């Protein structure tokens, strides 16, 4: 395990920095059910960090804790070296954490462009009066942000569906638009909840490429949940493995692959 | 091929986001504005056919005022997805605010009074919007009825609101803008019309600006999926309250105009009762949720149709008035159902579909 | 555009409704639908039938046929505006809105257009001051007269002394229902009774709280200012708590057959104020039978003739016809204008002989109108319901109201209106 | 014990029974909402229409008499016979069932899978339609409804309890209200029995739980809709009779729907017991408030207080008393 706080350079030449987010002894309960029990791990700057585990392992709950949708009963969350106070999800978004969802959560009544523009929300500041007048600051700000969004659109190769209502798009493209919306926020930390669920091989390849490119080009730190082991092992720098709300492994893909607990969990050894 | 958008390329973002990106639409828009601002007032001044007063007081004024209110409610229901049945009560706030302002500050311009009335209504709207953080859907709709009934009761009960008059009726004194009277019985048809028209155009313009930018997108995000919206940084309460505020601002303006310019005298239970809340919701849904153009044609439809039906049945066919009135209910009800079946997304969507057809015409393939 | 097409269609539709000019036009803003239809129908029938009678029997008024332009308002103010605007261009002589809300709204409009309004026994009470409200008439009696007449009736029963008695006012929680409060308060100071107020919200379907309270507090008398279903329910609830019906008095809008019949025999003895005769025992009904019913020209189904509200509608029409005759006499032309009509109304004199000659002997109080006084003498009578016979019986003569008290209130309220709207004296 | 104490009890008892009268209207809403997710605004007008039909049949009125007279110049009014109450109720019920078929055939069928708000608006359109149609059919004058239910305060109870305290005149309870309460209890019991012990009832519940699942086991959604709308028509008829006996049958009867809405909010849109309990809470709440606070703030508080009470309740329990818990997921 990489216990050091110093940065290092990966084989393909990317720089991995100090931890941006540290989860310390997180426990989350729903009524009597413990979804996450005493889990600690960190996410380093610039890395692709995967969270894996069988169904019901607490992966999605973990993401929900990170972006403030759930509030853990115990444990601490440190972001950029500061202990985070209990916050509402939108405040956490304003700190620079963006995410996508397992079941697509696009705004169905809006076009692709508008959906991605919504991702710029936290960066836009003109007040209501200026908005009402439009000409002047509001329009300027809109165009500046439009420029950024157009880059995202180019990057994800979805120019052709710019004005299409997202409800009409096929599944794979919707996933891509959702990624675009998260990217538009230029987040410090990007959470991806099963970005490749339900995709065919080609779509998965495309998506993997986008994730790697995002990480490479913008240096975005990414934490993702994924079921497809092949993909996870291919693209992530480090992997944390959960099972029944407990952490059973953490390390590079190779380390995890050889971890006996992980093998047991995936092969379905009975729990006592 | 009458309606074309090809060959109409945009080279800047500003041009791409303009309200009417297609040249033909733009021309239509300017034509309508020209008719509204020049042709109709000229006709009113010349009193073509002797019907200037009828047209203004029975058709144009209610249409313009309802269109303002309808845009207001569409912001809340159509853009932000918060179902409200309190609009009648909010219109009453606008009306009584304008009455108090008119009688307390006789020299204040009616234009300022109307805007201030809107602002006061916005405050009340925000207050009654607070429960929307926890209450959703139909539950919220029913909850907003609390505002409707409470406000009506309050304006009926607290004598200060109607200056302690014996019956509780409020009557609008004569007030003017730039020397032209717009309220009171002696105001000319064209002055009243233009005053409301200017406000409608202003409201539509502001609504369009708000809905195309950051705030509008945050409203729609809350409407489409409130949890996802919150997770990308939209504060739910603030956003919902801003929609309640803006919506009530417009509805308050409409309420003030409804009382001061259109009716001239009002009593809260009758002029701003629960029926008004429903009527407004009709306009918004028939016109098209989430469409400013739809709000306007929805208002036109709901104002014009009963008058038209009545004039045909009583005026043309000489039916007994009560039978005509019963049939009016039957027809209005049936038309609403038929429209919903044909196009649940409202007249605005019907118009869009028509344009798409026209674009391909006469070669649909 | 589609819209303009619709609009032109609407224009032609409106235009085509134009009657032959030279008729005397009487718009009737009626309501045969909506929450108050049950009362609106007989009034509209009575109003229209009388004009039909005059046309059929007398060949019109001064040789010109009367035309009733009926326009359905459904008791709705906006429709009232539409009706007003669509009929006023047709040469409308006088408006009878039959709704307090619409009356308030038409007062400034009709005044600006120079068309008189006759709000008979409703509307804005202070319009009785003709010096301020030049175009509005509310003879022969208004709400404040009504309140005073009710108190006078109670005074009479109690040998002229009401001190220590308690009176409860059950009222429609609207402009209309609030009208009598001030008068009753002033009168309570004068006569020493206690007044409690019981508002009932529109429509008044549910009045349990109010009547439980009345049962607890046992007021000596209950006065009611109700309309529509509120009357029916109130009388039923009064019967239910076994409130003595002879101590229950309604204003004239709370005293129709519709209000008492549903309560059955229990309603026997209920009292109501009135400013005109009840029943169909007047000669004019023979004429109505002969010229209107038998010729199949009734406005409605013809089943309302002789009911209280029908009589009231007919009375309103009769007063309008007499005002036209007066106007024709003053100006010497048959085809009068609204302004002339106004003069006719202001000079209207209703004497016993005149009423008798019209087949309506002693149907209403004798009165005359003047420039200052548009409200008449404020006379009214009390009628009582006989459930066995299913008819109303007059139990008093047309008695006076306390004009000392009322005139002061009228002057105050009209002065305030005059100040708010910069109205100059109309009579000097 | 002071008289005021007994009067408070009296107010509570009357509030409970008024609440049951509200519940009768709310029940119709719940039935339809539970089975089809449609918020049926027309329920109040249905009650009016059902009551009008009942009176019309009972008194032998010619339907559309006024319209026919105007068109053909005839003088139709009544057939001249009177139909016994029981048969008239059956016939009125048949009319309501026929109405349910028409609603399904011409409206609901075409609006499957639309947004709830669209369906809601369609029912408002339906309310307008029925209002005009009912008036055309039976006329808009007020009608007396008499199905033989007793009216007025219960004399026995009143005299038995009079004098329990100084200045206490005995408990006042309306016979009609007591009948309504009894009928409502029977109605609810039979509705619950129907949905638990009959095949159709179980099918209804299946549809309420999961549209798709119900379809996949071969329950026709269209049949279900006809059944629930018929049931709602039946409930509307009962409500129409009860309210119509109080006030006569006239337009304002349709406005009782507005008194049922806070009841629904409080009880939850999907719960039959919720409609009853919600009705009682609203009934007692508004009557007590009017009794205790009303006189100090001018009275006539019942209309808004019912909504405010429901609103306060919802802030703490957004799904209503018995509504299904709203779970939010991402």
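Note that the chains take the letters A, B, C and D in the order they are written out, and that residue 1 is the start of every chain.
To be clear about the criterion, a residue touches a chain if its C-beta (ideal position, glycine included) is under 8 Å from a C-beta of that chain, and two chains touch if they have at least 3 such contacts.
Computed from a predicted structure; not experimentally measured.
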Worksheet item: Which neighbours do subunit B and subunit C have in common?
Response: D
Worksheet item: Can you tell me the least number of steps between subunit A and subunit C, where a step is a move to a chain it touches?
Response: 2
Worksheet item: Quick one: which chain's Cα centre is the longest way from subunit C's?
Response: A
Discussion item. Going by the touch criterion at the top, tell me which pair is linked by more C-beta contacts: C-D or B-D.
Written reply: B-D
Fill in: Most central chain, Cα average position
B
Practice prompt. Averaged over CA atoms, how far is the centre of subunit C from the centre of subunit D? Could you give it in whole Å?
Written response: 35
Worksheet item: Roughly how many whole angstrom separate the Cα centroids of subunit A and subunit D?
Response: 51
Practice prompt. Could you put a whole-Å number on the gap between the CA centroids of subunit B and subunit D?
Written response: 33
Fill in: Mean-CA-position distance for subunit B and subunit A (Å)
43
Worksheet item: Could you say which residues in subunit D touch two or more other chains, in rising order?
Response: 66, 135, 140, 298, 300, 303, 330
Item to complete: Provide the list of subunit B residues touching at least two other chains, using ranges where the numbers run on.
Response: 153, 156, 227-228, 231, 322, 325-326, 329
Worksheet entry | Multi-chain contact residues (two or more partners), subunit C | 32-33, 41, 173, 201
Fill in: Complex contacts: residues of subunit D adjacent to subunit C
7, 10-11, 14, 18, 66, 69, 73, 77, 135, 140-142, 144, 151-153, 169, 172, 174, 243, 246-248, 250-253, 255-256, 259, 286-287, 290-291, 294, 298-300, 302-303
Worksheet item: Residues of subunit B touching subunit C in their complex?
Response: 49-51, 53-54, 57-59, 62, 103, 153, 156, 165-169, 171, 173-174, 184-186, 262-267, 269-271, 273, 300, 304, 307-308, 310-312, 314-316, 321-322, 324-326, 329
Discussion item. Please output the residues of subunit C touching subunit B within their complex, sorted ascending.
Written reply: 3, 6-7, 9-11, 13-17, 30, 32-33, 41, 70-72, 74, 76-78, 81-82, 85-86, 88-89, 100-101, 104-105, 107-109, 111-113, 124-126, 173-176, 178-179, 181-182, 201-202, 409, 413, 416-417, 420-422
Discussion item. Can you tell me which positions in subunit D touch subunit B when the two form their complex?
Written reply: 39, 66-67, 70, 106-107, 110-111, 114-118, 120-122, 124-133, 135-136, 140, 258, 261-262, 264-265, 269, 297-298, 300-301, 303-304, 307-308, 310-311, 314-315, 318-320, 326, 328-330
Worksheet entry | In the complex with subunit B, residue positions of subunit A that touch it | 67, 69, 88-90, 93-94, 98-99, 101, 105-110, 114, 117-122, 124, 126, 128, 131-134, 138-139, 141-143, 146-147, 181-182, 185
